[in-house]
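Each chain carries a letter (A, B, C and D) given by its place in the written order, and its residues are counted from 1.
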């Protein structure tokens, strides 16, 4: 009995997390459906951390809808393969393009910055996908990319895929948090 | 056995009871045999049960004392039960043999001069390939399998993601497409026509909308169709279709779809080189016409929630031109 | 009857009364709120199992209603595809793992077997309590997750890779897999208790060939549980660690194999079907015997049939996988095996018919439910032959034909006998009769409703409707039949409501039953209704297959057990000659705490692999607390223990 | 004890033993049930191992089989432990307190020893559960037996402690005897698992 009550109470708390994590938005609505176009580049440090966000950057709440939904992150993972990001970045290990599962983030690891990297492209090879990918799918990609460096909760980040395993678990680097993220963590206690 | 399926408004193009190929008809014969045997047995057993209860029943309020059982009546009963079990065994054996015979007949379909067609299950559509030794001759299409009548077909399939099951009941029994396995399914269609098939293994959000059609046609029609499919897409003729092509190549479409003869070459979604030659879109869900095509492109998610086709916020004119262009892809 | 007057005398002598008081003192369940968690008597736990399992049955039934509503119209949008997938998965998983097995096996055997073999409690009563709490927590977990939109959505057998890490985002399949673990542990525990109870705790004289058929059935099931469930324990564990620890069991790219899961799952999954309906057939044998007023015809044949079924059940799991394309020789073998298993079942049917045909049939509600069982279950058996034949199976597999088939087998083979059992044993459990008229009404509603709902499914399946589709397109010729099915659901719903009302009313105002209202022959009727906390005033001895019918005019009773402790008599496995006496443990809170810590470990392991590792510590502590003896009882036992002579 | 009920024929069981061993004890049957369950799990897991082998061209895939030393050492320890195990099992049936105490201490030490060696075994499996199906199978099979071993270690230690409390009684001797029976099962289970994990890769290596 008491345990049942306790369970029910803890559930009410779980409910939020649970519902968010399992939430599946199939139809993101017109705003997010339109393809993402490049934001004007900051001439001073192109694509630098201060790059202004693209006009239709969703609010933090809308963002969390991607970063807290296992389904959205999973979709991001699927698109990461479908759009052949693997071709250059591998499964996060890096190759032609930089690795994504470590802490060296040339252009910053904020969602907006990754968004900009995908939509605008970056010097030395990262192509611009401007106009090619619907907003919400870009955000799903962003969420997945961030999950690769351990910036998303474990119960939301996808686990192994049905491909050749990338690294042995015991050799895998511990998930790293990019510096700017850590700064933020200190900044807002 | 059609009487089991025959109802007004039932086209009979997706039922095992209306076989149009040797595979399905062998199965249908076994089905009929088992059906009649079990039906008769069932009726007899139930009759015996009801009669014996009726003969022996008393509607009493108090429960009488247990009756002594007479040895000789039980011995008679024992003999009867022994006979009944014997009969059961014989009947089971009969049905088993006919089942083996059917399996055998299906298994011995001739692999040699069979036409090979590759079928790949995707969430939630079917990729169909007609391989050929010359690369330019091999054909890729989706959700519509054209076959020549009377020719043995070898469906060589596997899955690109989860387990699907290839099933066109009028033609042949189902066969799972498993990731990591290559499966061969032999079939033959004896009557021209369109036969519907559907994924029969639960495969996620849109398992319900994963249909395909087998189009059986004469050898000549088939060859003609195949040659048509081998061609690349015709270049856009009018300024409208030209703009439509531009829209296709500069928007999300190009990320997933192929149109041979253009720069669009992604294999994530169905090959659209001859989209207009197909009768349905969205894996057999909608008839292929202007309105459906436009609606599908605009917001596939509210037609087939969870499917891989994203909604596209295209302006009215862009959409019109795009659809116009796609409809030229005969 | 003679025996019953012997075991619980009609007029108690002075010494009987003193004896009864002492037993009551020793055996009464602890009182108060905390007492609820300490209870260990099999009747208490058994009743809890029944109520809980029935609640899950009702919940899953409501889900079915929602699904029928969605399917009543083509391309309906009453349930989204995401919701529908959760609904049918939770419906199936609940019915199989939280209703059918716990009700048919755990609930019935825990409550009835100790009474039927004439002992005072089930073997390992604390383990019994533990098993109940685990089952409860497992079920609650699945349903709470479901209400948090985390309901399992990959089907009741959660095939990989669909349920695997790559295609099952979030935690839905993990909750499913852990619910399995919970229920499996509890079922395994009960299986061991039942085997030991029946092999060692039978009343003197109840030799193997005098064990009631119901008990035989439950023993066979217990053994099947012991050997079948490890299969699903393994497959669900592999699924879980594939998802959380990154193992590669089901990843073809890394040498894994998706069929491995299916083999392991069906190694359990097929015996599961028999685990569910063998208790049903055992109930039928019991009711048929009582209401045709004669000993079961062909007792030996029926028992052998049960045992044979138990063995064969392990030889035909592959017939669930014919469509995956297995070698033809294997196909032939499994076809043969699947058809052969019809023979023992057939033999049982013939024996029942003969028993009725040569007996003096008294038509009472329990027998009506059994007649319903005959019509429905045998039909299910017949359609089973279609599935056993490989080629036919390739057409009907995974269509609504199969849905119809297994509902005929499972509802026919389990639910009809269960409701029969309800009206048959209700007087024993509550002490009052179930209202016969209402019982009749709910029977006819259920029988008609069931066939209206499920018979058309055969046809719609033959017309090519696959199972597990959240909707279908107009013009397929499926609409009308689906609407008929949905209408049938309404009747089923009404029937169950009436039954609930009947139970509620009768439990309060039903006519007093007395110890043996059906004048039946098995031992549970040899004590008062409801049974006292010590089951029998004096342990009975047995002189025939139907203990009460065959009792000698002066059937002896067992004396000489300590009545100041919960002592019980052990007898030899074959001839049930008295062998020794031991002592049941006293009521305690520990099993509850052990279950809580086990539950915490299981739930934790959904979110991190460390859940089990750290969870093991509290489990170990609570288990030690559980087994740690108390001082006085130990000393008292030491004072009067008698060692076996080598 | 209930006084006789004169007017009725009775079956007096008051003289029957209350301390029984082996097949005559209830606990023994419970333990047997547990063994049956665990045994089935092990068998199915071994079956799964060979099923995966049948689906793979190379076995073990691109890795060396586990190093023999530690596993074989453990096998040796297990087999040696059978001797004191059998000795105290017999003494327990006689109610020989001293012998059982000594035997239990020895067995606890053996249990701890095997767990320690097991740690080194795991370090020398030459594969990882996340690298391929072979690794997953090996680690899961190992994991199952580790779980099994730890359970029995805790169990043995607890019984040992009990035997140094004033709570000793006939029941405890039954526990001791059954603990010994269970240890036999631990040994018995290890032999096939040892063969599968250490020798199957060598024999099947193609």
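The working rule: contacts are C-beta pairs under 8 Å (C-beta built on N, C-alpha and C of every residue); 3 or more make two chains touch, one makes a residue touch a chain.
If you're wondering where the values come from, they're calculated on a predicted model, not measured in any experiment.
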Given the two chain pairs A-D and A-B, which is bridged by the higher number of C-beta pairs in contact? A-B
Using the average of all C-alpha atoms in each chain as its centre, how far is it in Å between subunit A and subunit D? 48
Quick check: how many Å separate the C-alpha centres of subunit A and subunit B? 38
Where the CA atoms of subunit B average out and where those of subunit C average out, how many Å apart are those spots? 37
Go ahead and note the Å separation of the Cα centroids belonging to subunit B and subunit D. 52
Residues of subunit D that contact two or more other chains, please. 129-132
For subunit C, jot down the residues that touch at least 2 other chains. 82, 161, 242, 245-246, 248, 251-254, 256-257
Note: subunit A residues in touch with at least two other chains are 24, 26, 160, 162, 165, 169
What topology does the chain touch graph have (line, ring, star, complete, other)? other
Which residues of subunit A touch subunit C once you look at their complex with the stated criterion? 1, 3-4, 7-8, 11, 14-15, 18-19, 21-24, 26, 70-71, 73-74, 154-156, 158-165, 169
Which residues of subunit B touch subunit A in their complex? 179, 205, 250-252, 254-256, 266, 268, 299, 301-302, 305-306, 310-313
Could you pull out which subunit A residues touch subunit D in their complex? 160, 165, 168-170
Can you tell me which positions in subunit D touch subunit A when the two form their complex? 128-132
If we count contacts the way the header does, which residues on subunit A are in touch with subunit B in the complex? 24, 26-28, 30, 33-35, 82-83, 131-134, 136-137, 162
